[in-house]
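Inspection log for the structure reproduced underneath, given as structure tokens.
Residue numbering begins at 1 within each chain, and the chains themselves are lettered A, B, C, D, E and F in the order written.
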Amino acid sequence: MRNDQREVNQLRNINITTNYISHPEGSVLIEMGNTKVICNASIEDRVPPFMRGQGKGWITAEYAMLPRATAQRNIRESSKGKVSGRTMEIQRLIGRALRSVVDLDQIGERTVWIDCDVIQADGGTRTASITGAFVAMSLAFAKLVEAKTLKKTPIQDYLAAISVGVLTNGTEILDLNYEEDSEAAVDMNIVMTGEGEFVEIQGTGEEATFTPNQLQNMLKLGEEGIQQLVKIQKELLADKLLID
Amino acid sequence: MRNDQREVNQLRNINITTNYISHPEGSVLIEMGNTKVICNASIEDRVPPFMRGQGKGWITAEYAMLPRATAQRNIRESSKGKVSGRTMEIQRLIGRALRSVVDLDQIGERTVWIDCDVIQADGGTRTASITGAFVAMSLAFAKLVEAKTLKKTPIQDYLAAISVGVLTNGTEILDLNYEEDSEAAVDMNIVMTGEGEFVEIQGTGEEATFTPNQLQNMLKLGEEGIQQLVKIQKELLADKLLID
Amino acid sequence: MRNDQREVNQLRNINITTNYISHPEGSVLIEMGNTKVICNASIEDRVPPFMRGQGKGWITAEYAMLPRATAQRNIRESSKGKVSGRTMEIQRLIGRALRSVVDLDQIGERTVWIDCDVIQADGGTRTASITGAFVAMSLAFAKLVEAKTLKKTPIQDYLAAISVGVLTNGTEILDLNYEEDSEAAVDMNIVMTGEGEFVEIQGTGEEATFTPNQLQNMLKLGEEGIQQLVKIQKELLADKLLID
Amino acid sequence: MRNDQREVNQLRNINITTNYISHPEGSVLIEMGNTKVICNASIEDRVPPFMRGQGKGWITAEYAMLPRATAQRNIRESSKGKVSGRTMEIQRLIGRALRSVVDLDQIGERTVWIDCDVIQADGGTRTASITGAFVAMSLAFAKLVEAKTLKKTPIQDYLAAISVGVLTNGTEILDLNYEEDSEAAVDMNIVMTGEGEFVEIQGTGEEATFTPNQLQNMLKLGEEGIQQLVKIQKELLADKLLID
Amino acid sequence: MRNDQREVNQLRNINITTNYISHPEGSVLIEMGNTKVICNASIEDRVPPFMRGQGKGWITAEYAMLPRATAQRNIRESSKGKVSGRTMEIQRLIGRALRSVVDLDQIGERTVWIDCDVIQADGGTRTASITGAFVAMSLAFAKLVEAKTLKKTPIQDYLAAISVGVLTNGTEILDLNYEEDSEAAVDMNIVMTGEGEFVEIQGTGEEATFTPNQLQNMLKLGEEGIQQLVKIQKELLADKLLID
Amino acid sequence: MRNDQREVNQLRNINITTNYISHPEGSVLIEMGNTKVICNASIEDRVPPFMRGQGKGWITAEYAMLPRATAQRNIRESSKGKVSGRTMEIQRLIGRALRSVVDLDQIGERTVWIDCDVIQADGGTRTASITGAFVAMSLAFAKLVEAKTLKKTPIQDYLAAISVGVLTNGTEILDLNYEEDSEAAVDMNIVMTGEGEFVEIQGTGEEATFTPNQLQNMLKLGEEGIQQLVKIQKELLADKLLID
């Protein structure tokens, strides 16, 4: 039995509030258990210099935590004057993941800025960010379609992410909370599409290793979890996201 | 008549949600109209180097906006690698204001970190931050008192802040929203205690000036607004803050 | 009696040396008691990016102290790699103040750079900077008028600044020196025009508060002090600044 | 047939020169085809602040490229004043990978600094860095054992890394060179131990996805490649690394 | 004939005002023609970390220019967030030069901070800084001797610096002003002691070269110039600096 | 006798490997004793902003050390976020030196980037960098001549650099290794052309001075050393560098 009474293959309670902040083109608050992330999607009518003149768009992501999103207060990265390696890894991951399900040619020379701001953290903030950001981005594109700025959504498939891991006792589990994550021997983040294809897998044994068999078990757990997340996304987006 | 149908001396709707985030010692979400700020207070059991060995405490504040708190997306200060002059002015103001109503000797060698994170902005974010941060800090001290870490709250008086201004047509108004603030000839922020003493007044005519008479009218409007804010704080904190 | 034998409403000795440095378009050394600030005004024939194409000018200020302007040596901000919050507040204040008495449309797409460098500090450096910078800027504009680059000065009114405060014994005083400033319960900076209108008031009770009555007394002291400063400016600038 | 005439499961030529630089405790030049990386391991007799007093050691890695390691000259990160997200990801990966096969308790309060400097790049620099750094670190520990500073090597297993990928035509290949990497739809880096356990897998479909079947094929290719690399390491280290 | 009517071996007018700023232990304003530098010497009762526990002192220098010390306004290095290569070269030069004539063992664990701030520049600012800083430092040590903190001055010899150069027409000249410096083919800075020993020579042909014969002529000019500067220093310091 | 059995006027063994790295237009590894520097020359088809539109080229240099080029590991400048004063001095020196023997008009609006990366240090890294960079740059220009992008090499003369010094026992020596450099009273770097003209001399007595006679002896030693270096360069470049 897990520390919060979940089954090994059970997700935490999920709640996604759409249109959470009024200014962005797309905005959601995603809650996975006690992890809460505001995901905003902004559309800018230009692309970064390295992409100009190609007629295609770009999607980029930024990720941050409020100082007291965590049990111990963290120093703001703006005060430190630089972004940590961990933050950079996460924002690169979010951006790559979202780009994999969007036809960048269809959005023209626009940039989609994804801002994931963790206001309360209890493990799985990067995967919650991806799952929530997909919804925020979908809403932003839907707004462009409604405004007839785009003919149809450039999104090709649903996208969600989840963590899996191996506890030190060898049990594979789905959707680790902070306490589980701290104790796990192996931590893996999986990003998949609605069609069940992989977008990204990142498995890490911090001061530990994992067997091929454990890898297969984690992949299976992750796949099941992502199917549940995509189901929630489909209900939320309903008529907003008519993928051919 | 104002752009949101308020009277010249009318505050926007105010809502303060206590215990908004779970980790900090004190946490509130303050909403003043469409301005929404998360105010967290964290207690750290040490003081900055310049204050060590004096047996007294310190209160310091940080302020930030989410990139899409505003109509146009702002670049994160962590990406720019430095904190803007505006941000520094605001966080210095918040820290000074809160220190003015706390007996720093009573809190011992502890630092109170105040984090004000604007998640949605519509004018008056610095004054909303002070008003909300006072509540978050009060809750944090109350927690120390309950835990018998402190004998009684070190807070000496209530504290709130509000903006006043002069429109280009010469009308003095209370609690400016973003549109009013953009058009105002004069902008003044007033911080006062529950007893009606001034803590800070900052009045600025950006490319404009104001007469002694206008100053007096603004001071009067601000005083009335602050009395209403303090009344709300008193109801919220009720038994938490028994000031002698 | 004050620590330097002045009356409560008495300014320190003031000396303004014009054309102090040879390169700038306008340059003064202002001495207020032992506070000495070099104020240089430079005219650049372009405006910052955010103002281009509007046909109007901009005035911006920078403020710094030599490391040994003070009793204890300060670390240079260039060595620290960043400008402190205090410096930013002051340079934003100086810029705003000067812009309030200049018709920016009349100067065309030019930037006036104001550099205030404190070579010796004894309190009141920001107000001395404003009072001196006004003279330096006036001289710079006069040079443009002489060169027939401008038809007439774009300056609309005189401008000076002074500090007032409340000692811990409750006495209100004018033009605080460093020792007084360190001991004062309340510190207020007032910027006014020659016509007696306010441009900026910033009153702060650091770990203290002040009553409405004390506020009125400080405002009165400040007003008298500024009239004396403007009188000195008028004598210095004489025929240089013929305001309609 | 691949662009350099290799089979899909064929590694490039590998050459590891030991004791390449004279100062470090362990130093190798690893060449994998045209990719050349200097890997130095330095032993410092203290640990970073967050690990002090625990009696165990730490391993940390830094990675850089000479500006002309690549076809186009890159700006030095020291000139830019900050380390890129890509560099941080890589150095965090190298550090984690090496820590997974070392018993940190056995090395006492020492830090092993791993420096991987790419002097010529042709794809696979991060995996070559791990494979080479393992050898450099092994030599450094062997030197401590020889000097009787350590009783035996703290290394628990061999460690190597390789890239695998999927070309846009769907072929899975081993050990991508730069041209292949640029064209690949999927790129995966695998770090494994001599015993065949996974330490890290990072698979990314940049603007693409991959099927579960492709994942399995890539894992198999990677496993075979790593066995060959470990064989080379074993020959090089021979009597230096007697793992129980 | 030179552009300011001087002979080739003629120094500009020199004026050194002692005790220019009130706070520093030693302070001078040195004027060489139109070049004006404030040189302050501060004594701090500790040494930098790398020198602690050795019982000896350290001398370090910082150099800066006011933005309008020059014909074109320069951006402040504090605004740029970093110190330029030129500034670093100069402050390293000043520090080295001063250390060469001081017995660091005699000053105990103290740091002498030399601040050279150019308020008006017309060539030769680094050599004027050295010549002026020597006087400021001497006054600071004299103050320690008067206060009986030091038994005697730790200064071993006088020290001054001057520039020499070769004009494009081949003429060697002493003490170049800005216009001459801009046009010179070769620029050399010479630092010498009162006893006529070299401390530093830095000769540079920017996009030019110089013959051994030109080198000898420049050395001779420099030697004569420095003797005159030392004579002025001796008169100023008179009884303050009794070198054995 | 010196610590490595050399005569006072004897250079260390010199080895220059051309075409060391494959990507740059010119690349050498220069070894002077145990000092090893990779010198790469890159040609970029544009000049920095301050030189645009003048029809002439620019040569700029960057210098760095691997962290373990030295006996003690150095912190990377990219990690520190800024380039040290020492590094800046060296790269400015290398750039100036190379520009002195190239006709910048002949290379058109191109920038030559010189990268000198010390992979192993044993004294004299800056002079080895200049000597090696000259060869790398010559090879890069030769490549442009072969490709008929340039009609002929813009190089006007050979260029090499060497260190000389005075040991504390008063002996003048040529080409100091690290141990000698650490102990020397005086350190001088000399850059000369193949024709025997000076480009740069930088002589420094760190906490010491040197007599005019010692200066002359050092100049003579340096001149002889440079003639030997130029001889080696001539053999290497043979038909590549036909200077008129």
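Quick notes on this one:
Keep in mind that, in the parts below, a residue touches a chain if its C-beta (ideal position, glycine included) is under 8 Å from a C-beta of that chain, and two chains touch if they have at least 3 such contacts.
Which chain is which protein? Per UniProt: A, B, C, D, E, F = Ribonuclease PH.
Computed from a predicted model, the values in this text were never measured in an experiment.
Within the contact network of the assembly, the step distance from subunit B to subunit F comes to 3.
Distance between Cα centroids is largest for the pairing of subunit B with F.
Inter-chain centre distance (subunit C to subunit F, centres taken as mean C-alpha positions): 51 Å. Between the CA-based centres of subunit E and subunit F the separation comes to 28 Å, rounded to the whole angstrom.
Averaged C-alpha coordinates give centres for subunit A and subunit B that are 33 Å from one another. Counting partners per residue, subunit A has 81-83 as the residues that reach two or more other chains.
Beginning with subunit D and continuing to subunit F, the ring of touching chains reads D, F, E, C, B, A.
Residues of subunit A touching subunit D in their complex: 82-86, 88-89, 91-92, 96, 99-101, 104, 157, 193, 196-212, 215, 219.
Subunit A meets subunit B in the complex at residues 21-24, 27, 34, 38, 40, 42, 44, 62, 64, 66-71, 73, 76-83, 87, 113, 115, 117, 119-120.
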